[in-house]
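What follows is a pair of complexes built around subunit A, which joins subunit B in one and subunit C in the other.
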Partner chain A sequence: MVTGKQSKVGARIAVAILAFFSLAWVFPIFFTVYESFRPYNDTTKDGYVSLPKHFNFDNYWNALIQSGMWRYFINSVEVAVPAVLITLFLASMVAFVVSRYSFKFNIALLMIFTAGNLLPPQLIFIPIFRLYLHIWVPTIINENNVLYDTQLGLILIHVAIQIGFATFVLSNYLRTIPKEISESALVDGASVWAHYFRVILPLLRPALASLGVLMTTWIYNDFFWAVVLLKSGSKRPITAALSNLQGEFFTDFNLLAAGAVLALLPTLIVFFVLRRQFVAGLTIGSTKG
Partner chain B sequence: MSEIFEDGISRRSVIKGSIAGAGALAVGGVVGGATEAEAATRAKTVSLGSNQSDPAAVKNDNAWLAAAKTAGFNIKLNRVDHNTFQNQINQYLQGTPDNVFNWFAGYRMQFFAAKGLVTSINDVWSKIGSQFTAGYKNASKGLDGKYYFVPTGWYPWAVLYRKSVFADAGVDASKIVTWADFIAACKVFQAKGLTPIAFGDKGGWEAMGTFDFINFRTNGFKFHMDLTAGRVKWTDPRVQKTFNNWKSIFPYQSKNALDMNWDDATALLINKKAAMQVMGAFAAGNFKDPADLADLALFPFPQIDPAYGREAVEAPIDGYLLSNSASKNASASKALAAFIGSTAYASAIAAVAPAALFANSNMPKPTNAFAKQQVELVQSCKYIAQFFDRDSRPDFASPIFANALQKFIAGGDSVAIAKDLQAQWDALPPA
Partner chain C sequence: MSNTKIETKTAAQGENPGRRRRSNNFTKRDRAVIAGLVGGPTILHVVFVWLPAIATILLSFCQWDGIGGLSNIHWVGVKNYAQIFTLYSDFKIALRNNTLWLLWFGLIATPLGVVLAYFLDKNLKGTKFFQTAFYLPIVLSLAVTGIIWDYIFKVNGFLNIVLGYTNADTAPSWFGDPHKNIWVVLGIASWRHIGYMMLLYLAGMKSVDPSLREAAAIDGAGEWYTFRKVIFPSLRPVNIIVVVVTVIEALRAFDLVYIINRGKNGLQVLAVAVYENILGESQRIGWGAALATILFVLCLGPIMVYLYQNFKKVD
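Moving on, here comes the complex of A and B:
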């Protein structure tokens, strides 16, 4: 039996371990933030582990305005917003069909969508790169007339990658909602479209909100596809553009730290403001009603 | 949805399209002279891939781009940071590359020429050839003997030091000629509590400079070039001679080399905690204080085997190549290549970067003391190497050789490392 004293000791040990690990997690971020406020010359003279002589926002100003980082934030938004909306729209349709209609390929369809999610991007990027070089797009999107090196291409790949997980989550969520609602809609004579738009979509709203928040941060954080599928430096999203702050020989790590903090901010803001949706997005559909 | 979709991705291209449309309308209105002028601009429209991402390099880039604009070029610039550009070069060249792009001389250029991914420019060289010495001409050719490359600038590698530190220790840099002189100097600095040779190899490439020097000082330039190109095996006993010579200066190098980048090591030099560094002259850019910069000097890497003296130096050449896409825009791309090879290009950069060194022999000699030393160093040498990662296969240098050197620096067995290197070279796909 566990006595009160023992459990107290146990709790203390647990707190100590937790404190240690959270410090280990948080330390690099605090260190980055700390260096981002210090000028390059101070850290070259005294080393990174030293007390500050100057402490200012110069690095932030340089990163955001002089290096033009703000433009890449816009690029990120231009990719993430349409990608999330399209993903949610298409995934909700698939989820609707696989959870409300039973037909032969029902499970198989869901499995295929989910399995596609498991392929590591490193494995499929060469074929996708080759494909993108052969897919024609009008000159108005890309003057080279191929999907490679377009933001459209980046959006499509995110949709393709994320749709599996989104479908999985949304269909699980729909299964928790009583089928009787759907049945009464059908009894009232709703068509498939009306059923989807007027019954299912409103029911999905909380799930869509949570999933939307989660996917926005995932797509925003993507680095790999942006580097692989874009050639033009000016089209890059913020994650890939961060390396613009590095030179061939010379890297100002303080400036880079400021850039990294800036790139991190939207994710942190989303997390803290929409924390409830964020957590809900991670656990949604995991309990079956 | 589709509305947001449209709005999200193609807003800019739509605007671009409508501007182009308006332009076409305007041109349609004034037939004759205007269309001719427009055709002329279009004839000189070139896309340019730049990997110049250092602040100083961006400044140089902007200077010559402005000059090119004055010369009538309409350049569509695509700037990508240096490391990403390098790592993505294979995809870049097989995708939709810009017409003209930044690259290096040496095997790293010949590799892509042999694969047919770049365009040969013999006709450009017939125009600019008289402005370059034989060394540059040879460095600009592919293995097939055709010209591919337009050289622009260069920088040498050497032993960098601070004059004041040497004066304090009573060491005369001009007297350091042989390997024994070098080690004797190291001992003096060590006795004074300084790190004799600041050395960082966290990035993996930094140590290649030291390897190259010791290798061609020990075994001669020809052996070095044969080794980097795979014509001699790594298991050759001469490779061990190089590694053993290197080991003899291990006691004088920074102990924590794998924790430091080259610029961390340079910081030791700046702060007078170390006496010397085997580094590219670009390190001068980190000497922000003008007084420190004036104190910076260099001497040639010491001789090891008197048979080879100090006849060779590492002096990588930077420049431009024409990709395959240039064949569709040949006249404009080649005109730009010729412009880059001219003094108009070099003078524009010289105006903003007085210490820059140019490949074009019609450029006036630099007046800056450190720049002068660099020119003298290279002129005193019979052979010029491009640096290991430019002289060897790209897929060998950075992933395989860099790791091997880090293992060696960490105290690994050089025989096993050499054996391993040969095995990995043999496992590479045919180039």
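Moving on, here comes the complex of A and C:
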């Protein structure tokens, strides 16, 4: 594509600029990782920009085990996994109906879901917060018997919001799949449920994978809802718990660095292992006209 | 929209008409299943998203201190809005900051994302690495992002050491100075936003029909001309997503400022103002609702554009 001497020089300059920017881009992450391996005393004495005297995993050990950070990871899993599974399941059902049958309400329904997902969370949160203070739950879930300050409540709001985006994406995806596949099911006289469960759900697998990866990351990264709906710090998922840890560890920033690195590790793993799905998820809807 | 084709085909082939799945021709069981498939998720979404949204808009015209039942809610008209604009000093700073955020994202961060995408689309040496580097911040939560950048911008952090400010008393406080901190935060937010925009545009550019570029090259069109006249016009769907994402992210901004200083002292934004009026020291639910409604009105434009773009040709 690039031809001629002039373009070659241009390409070199472009590479140099890109190289500079990309190094600047990753630098803060590396700097935090670097500090996370150094003991507090060293950086207090020599400053952050200095060669290491000690370089070890102590901060990680202290953050994860002694400060009990591992519990917040479990909280994250307890919220994200059910939320994503339920969202995908519910959204695929709606997407199936609106893309395979022609009802008058189809477009209105899709618009409700799509727009609902775009509403600012702050617009929703005030009544939700008040409502959660009054919805009764059994003592096993919350000893105060209200939905507020429970992971169940957090899962519920994630599902309700994310369902909008997931329905939109999945119905778009289904529209690209030829109807002939459904036709053969219809000719066989399959029930609506069998059509959904045995024909459509398997077809949706790649889209479900991309969406699943993307939404897991979003819910894992959620900060706002976890902060406003969970009062007890001990119930918070890791991302929201960081704001507490920031307070607790205020005197030991190296420990906080280790905490931050631990918190970003799962998303980095997702990014490197499932990057294709992640990028596909983010670009769904942007490449289709 | 979708089923008419199936109907005509099966009818033409003389299938057993009882098998035809016309929308008014389902068995009772199928009807129940469809009602369940659509009804359950819809009720959940409407009850937990749309009804609260409507309730917030109504609440914005009411006064309620949050104590006592719903009977303590009084209709006050536009009083909350009037008070916010005149009495609530943080509101002006928040509105200014959200506007700055929007302008910065729209005029600086997003175009930079386009430029990066354009260069990466050329498949130069090292593109894989560059791409990975720019994508990285997208997967990180904004809370973690705030903590990471703290090591650069704190008083004894990387930047001040490199700039030679070793005395903590005289060194500039990037997060603490209310005249500076919003710009620092915008820089940090761009770290994530630029990569996100780059990702969207890069995907769009990859899907531009190569024959269009070849045709332009054969016609002897220059790079800038080709970009303006060939590539950019075909990125229309991406542009719409980008506008929506940019506006909505700029208005929703909460995590980053909250983790840095709880959204105070120069870092006020509308989302934090809503939070402060509901969960803060003084509960002014009417104010909070009015602020949230203002936020919603600001988001309304891009939401409508997005809906229009996606649903206009479905019929």
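One rule holds for everything that comes next: the second predicted complex is superposed on the first by the 273 of 289 C-alpha atoms of A that agree within 3 Å, B and C clash if a C-alpha of one lies under 4 Å from a C-alpha of the other, contacts with A are read in each partner's own complex, and residues count from 1 in each chain.
Heads up, the rule we're going with is that a residue touches a chain if its C-beta (ideal position, glycine included) is under 8 Å from a C-beta of that chain, and two chains touch if they have at least 3 such contacts.
Please read these numbers as outputs of a predicted model, since none were measured by experiment.
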Subunit B and subunit C placed together on subunit A: clash or fit? clash
Q: Applying the touch criterion given at the start, work out whether A:Ile141 contacts subunit B, subunit C, both or neither, answering first, second, both or neither.
A: first
Ask   = With the two structures laid over each other on chain A, which partner does A:Val49 touch: subunit B (first), subunit C (second), both, or neither?
value = second
Practice item. Based on the superposed arrangement, let me know which partner A:Leu64 touches: subunit B (first), subunit C (second), both, or neither? Key: neither
Classify the contacts of A:Asp149 with the two partner chains as first (subunit B alone), second (subunit C alone), both, or neither. first
Of the two partner chains, subunit B (first) and subunit C (second), which one does A:Ala209 touch, if any: first, second, both, or neither?
neither
So, A:Ile177: does it touch subunit B (first), subunit C (second), both, or neither?
neither
Exercise for review: Look at A:Leu85 in the shared chain and tell me whether it touches subunit B only, subunit C only, both, or neither; answer first, second, both or neither.
Suggested key: first
Of the two partner chains, subunit B (first) and subunit C (second), which one does A:Ile29 touch, if any: first, second, both, or neither? second
- prompt: Where does A:Asn244 make contact in the superposed view: on subunit B (first), on subunit C (second), on both, or on neither?
  reply: first
Across subunit A, the partner (subunit B or subunit C) reaching more residues is C
In subunit A, both subunit B and subunit C touch residues 129, 227-228, 240, 243, 246
Contacts from subunit B onto subunit A in the complex sit at residues 1, 4-5, 8-11, 13-14, 16-17, 51-57, 78-84, 88, 91-92, 94-97, 261-263, 267, 270-271, 280, 282-283, 285-286, 288
The subunit A residues in contact with subunit C across the complex are 1-2, 11, 14-15, 17-19, 21-23, 25-26, 28-29, 31-32, 35, 47-49, 90-91, 93-94, 96-103, 106-107, 109-116, 118-131, 156-157, 159-161, 163-164, 167-168, 175, 179, 182-183, 186-187, 189, 191-193, 196, 217, 220-224, 227-228, 239-240, 242-243, 246, 253, 256-257, 259-260, 263-264, 267-268, 270-271, 275, 278-279, 282-283, 285-289
Subunit A residues touching subunit B in their complex are 41, 44-45, 78-79, 81-82, 85-86, 89, 129, 133, 140-142, 144, 146, 148-152, 155, 227-228, 231-234, 240, 243-251
Residue positions on subunit C within touch of subunit A in the complex are 1-6, 9-10, 15, 19-21, 23, 26-27, 29-30, 33-34, 37-38, 40-42, 44-53, 55-57, 59, 66, 116, 119-120, 122-127, 129-130, 133-144, 147-152, 154, 156-158, 161-162, 166, 191, 195-196, 199-200, 203-204, 207, 236-238, 241-242, 244, 248, 251-252, 254-255, 258-259, 270-271, 274-275, 278-279, 285, 288-289, 291-293, 295-296, 299, 302-303, 306-307, 310-311, 314-315
